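Listed below are the structures to be examined.
Next come two complexes built around chain A: one with chain B, the other with chain C.
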Partner chain A sequence: MNSAAFAVISILTLAAALAAATLQKLMHAALTFAVAFVGIAAFFFLLGAEFVGLVLVFVYVGAVAVLVVFTILLTRRDVKKSERFNWGGVFVAAAVFGGLIWSIFKTSALAVAAPQIDSLTVKRIGDLLMSNYVWPLQCVGLVLTAALIGALILVMNDSEEV
Partner chain B sequence: MSRDAIDQIFIYAKQWLLTPLAHAPDWLVQIGSSLINIFALLGVFLTLFALISVLERKILGRIQNRYGPNRVGPFGLLQPVADGIKMLIKEDIVPARADKVVHFLAPILIAATAILALGVIPYGRNMTPFVIDGGILFFFAVGSTTELAVFMAGWGSNNKFSMLGAMRAIAQMFSYEIPLIITVLPVVMIVGSLTPDKIVAAQSDYSLGVVPHWFVTTPWGAAAFILFFISGLVESNRTPFDVPEGESEIVAGHMTEYSGFKYATFFMAEYIGMFAISGLAVTLFLGGWHAPIRALEFIPSYVWFLVKLSILLFVYIWVRGTLPRTRIDQIMNFAWKFILPMSFACIIAAAVWHYAGRGLAGWLWSLGVIAAVYAALSILLDTRRKFAQRTYRFAE
Partner chain C sequence: MTPTLQLFLVVSATLFSIGLLAVLSRRHAIFILIGIELMLAAANLNFIAFWRFGPQPQPPTGVMIAIFAIAIAAAEAAVGLAMVIAVYRHYRTTNVDQLDQLKG
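Right after this comes the complex of A and B.
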C-alpha cells in the first residue's frame, strides 16, 4: 500500500516538476510548480509528518505560488519562445544532481537503521519550539517583523508626496 | 441504550455497510470506509446546497417584502432541480483567447478545495469523517489553495473583468486569512490541541446544568467568534464583502467568462465554503455537537450540529439582505486597522482568562482586556472624523 502510494506520488511530483521546468508558458510552469509542492506535501503525509506537510501546502501553495503567479503577472512581457535547447542548463542540473547523489552515498547516515521515534505530533513540535529552539524561533520572529515593517515603510512613501 | 442507538445510527450504518469487507485486507477496508465517508459528505452537503439556494431566495424575498420562488413544486421547493436542469443544458462557452486548460481546471479545483475542507469537521459524536492530528491546520491549508483557483479562473479567462475580480478576491482573501487564523489561536491555546474532536470535547461541560462551557460564553470567545464570523463572510465572498463579483462594476468578477455548469460549480463552491466556515465556527466556538443545556442532551448530537449550522447560515442570509456592499478600501482598512489588532487582543484576553483560573475573575479580567482594546481602537481610529471636502486623487 505504502510503496504503491510512494510510486504514484513520486511519478506525479516528478512529472509536475518536469513540466514546471519545460513548459513554454510561464504561467503554466508556475501552476505545475504548485502541483509539485502538493506532491512533496503528500510525501510528508506518507511519512506521518502531517504538520510539516500541512505547513508546506499552507505556505508554498497558498502563499508562495500566489506570489510567483503575481510576480509573473506584474512583470510579464510577452515572452518569446526560446528556439534553442539550453544545453548549459542540462549540464548544470546534471552536475548538481551528481554532486548530491555522490555526497548522499558518501554519508554514513544511510547505513544506520532509522531509530524508532514517536510520531511527530503538533504538540511535540510546539514543545520543542518553545524549549530547545526558542532562541532561533525568536530570531526568526524578529527578522520577519523587521521585514514586515520594511515592507510597510516602502508602501508608506506614497502618502508623503500627496 | 436506544438513545445511544439513535445518536450513533450513522456509525452503525457504516459498520453494517462494511461487514462484507470483514475478511478483506486492511487497505481495502480503509478505502471502503473513506469512500462511504466521501459519499455521505457529498450527499448531505449537496442536498443542503440545493435547499439553501432556494431558502436563501425565499428569505431574501421576505426581507424585501415579496414572495420569492413559489412556482416549482410545493412552496417552490423543487426550484433547485429546475435550476440544475437549466444549468446542465446550457451551452458551455469558452472564450477563443482563453487558456483552455486553466480555464477548465479552475472550477474543478475550487470545488475540490471547498469540499476537502468539509472533511475534518466533527458532525456528531464519533462522526468526524477524517480524523487527523492537525485538523484545524488542514482546514486552513486547504482553504489557502482557493486563492490559486480563483487566480486561475481570472487569468485563464483572458478578460479584464475576470482578472480584476480575481485580483480583488485574492487581495481580500489574503487580508482576512490572517485574522481568521489568529482568532482560532486562542481556542487552540486554551484546548492545547489542533484536533477538532478535542476542541469539541473541551466544551462539553455545563455550569449548573444550564450554562454550557462553549467558548462563545467567555468574553474572548465571544469577541473571537464575531471576528471569525466577519472574516468568514469575507472569505466566502458574501455580501457585504462581495466586491470580487460586484455586478454593478465588474460583471461577475472571476466568473464572468463561465457559463452553464461551470458557473454552477463556482456557485456551489461558494456555498460549500460557507458551510465549511460555519461548521468550523460551530466547532470552535459554539460547542460543536453538544446540546445547549444538559437536559436536552437526549436529542442526537448531529441534530444539534445541524441546528447551529442552520442558525449561522440564516445569519449569513440575513446579513446579505440587510447590508449594502462595501468598497474595497473600506474592507482593507477594516481588516488591517481594526480586525487584526482586535484578534491579537483576543489572544491576550484568553491568556488572562487562563491564568486567572478560568473562573469568574478570569471572565471579568478578559472582558476588561477586550473592552480596553476596543475603546482604544475606537478612539485611535476615530470613526466620527470631521467631514472635509472630498478630494479625488485619480478622477479629476
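Right after this comes the complex of A and C.
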C-alpha cells in the first residue's frame, strides 16, 4: 500500500467533503460532493476492494450526484440570501471528532500494517451473493423497488387525484 | 512507511465529522442529505478497512456489508430527494427551519 497515494487521496477527499459541507452555493457543493465520492472510491481501490469502488463510482457519481443536481435545479427559486450558519452544529461535530480521534489513538491494537491478501475477485463476490447472501440480496431488491415506487408516488402531481 | 489501520480510521472519523457538521449546521434540506451520504460513506470506509486489516484469510464480510449499505443509501437518497421536491411544491421552500407546521 502506497503512502504517497494515501496522502494525496485523503487530502483530496477531505478537502472535497469539507467544501461540500460548507460551500454556500448549492451547485458547487453538489459538484464537490461528486469529487469526494471519487476520492472515497479511490480509497476502496487502495484497500483492494475494486468492485466496491466501481459500484460507488457508478451509484454515487453516476446516479446520486445527478439526482442531487436535478433536485437543486428543480427547487432553484429558493436560493435567496445566505442562510445563517449554526455554530452549535460546529461544536457538536468538533466534539464528536475529538472523541473519535482520542479513542482511535488510545487503542494501540489498531496500529497494524495490512497483511498480505489474495485479491478479491468479482467471481468470489458473485458466488457469495448467490450463496450466503441470497436472502439479503432479494431483500435489497425489494427495498429498491419499494423506494422507486415510493419516490414516484411522492413526486406525483397532487391535482390528479390518484 | 505504509498506512496503518489507524490512519484509515482517522480519515473515516474526519469524514463522519464533516457529514455531521453538514447535517447539524446547514438549514437547506439538500445539504442535510449530502451530510447523511458522507456519514454513510465513512461507515463503509470503516467496514472495508477493518476487512482489509483483519486476520487473513477470512470471508469478505466487510465488503458485502459495504455493497448492501451502498444499495440502501441509494434508495434513501432517491426517496429523500423526492421528499425535498414534494415539500418544495407544498411550501415553496427547502429550508428546514421554515417547515415548522407540526411545532406545538
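As a convention for this text, the second predicted complex is superposed on the first by the 116 of 162 C-alpha atoms of A that agree within 3 Å, B and C clash if a C-alpha of one lies under 4 Å from a C-alpha of the other, contacts with A are read in each partner's own complex, and residues count from 1 in each chain.
Criterion: a contact is a pair of C-beta atoms (placed from the backbone, for glycine too) under 8 Å apart; a residue touches a chain by one contact, two chains touch by 3 or more.
For clarity, every value in this text was computed on a predicted model and none was experimentally measured.
*Asks:* Which chain, chain B or chain C, ends up touching more residues of chain A in the combined arrangement?
*Replies:* Partner touching more chain A residues in the overlay: C.
*Asks:* Could you say whether A:Ala34 touches chain B, chain C, both of them, or neither, answering first, second, both or neither?
*Replies:* A:Ala34 contacts chain B only, not chain C.
*Asks:* Examine A:Phe51 and indicate which partner it touches, taking first as chain B and second as chain C; both and neither are also allowed.
*Replies:* Both partners, chain B and chain C.
*Asks:* State whether A:Ala63 touches chain B only (first), chain C only (second), both chains, or neither.
*Replies:* both
*Asks:* Tell me the contact category for A:Lys106 with respect to chain B and chain C: first, second, both or neither.
*Replies:* Neither partner.
*Asks:* With the two structures laid over each other on chain A, which partner does A:Thr121 touch: chain B (first), chain C (second), both, or neither?
*Replies:* Touch partner of A:Thr121: chain B, not chain C.
*Asks:* Take the contacts of chain A with chain B and those with chain C, and give the residues found in both.
*Replies:* After superposing on chain A, chain A residues 1, 51, 55, 63, 70 contact both chain B and chain C.
*Asks:* Which residues of chain B touch chain A in the complex?
*Replies:* Listed in rising order, the residues are 26-27, 99, 101-102, 132-134, 137-138, 140-142, 144-145, 147-148, 151-152, 155, 170, 174, 192-194, 393.
*Asks:* If we count contacts the way the header does, which residues on chain A are in touch with chain C in the complex?
*Replies:* For this pair, the touching residues of chain A are 1-3, 6, 10, 13-14, 17-18, 20-22, 26, 29-30, 33, 36-37, 40, 43-44, 47-49, 51-52, 55-56, 59-60, 63-64, 67-68, 70-72, 74-75, 77-78, 83-90, 92-94, 96-97, 100-101, 104-105, 110-118, 120, 124-125, 128-129, 132-133, 136, 140, 143-144, 146-148, 150-152, 154-155, 158.
*Asks:* Per the contact definition, I'd like the list of chain C residues that touch chain A in the complex.
*Replies:* Those in contact with chain A are residues 1-11, 13-28, 30-31, 33-35, 37-38, 41, 44-45, 48-49, 51-53, 55-57, 59-60, 63-64, 66-68, 70-79, 81-86, 88-89, 92-95.
*Asks:* Which positions of chain A touch chain B when the two form their complex?
*Replies:* 1, 25, 27-28, 31, 34, 50-51, 54-55, 57-58, 61-63, 65-66, 69-70, 73, 121-123, 162
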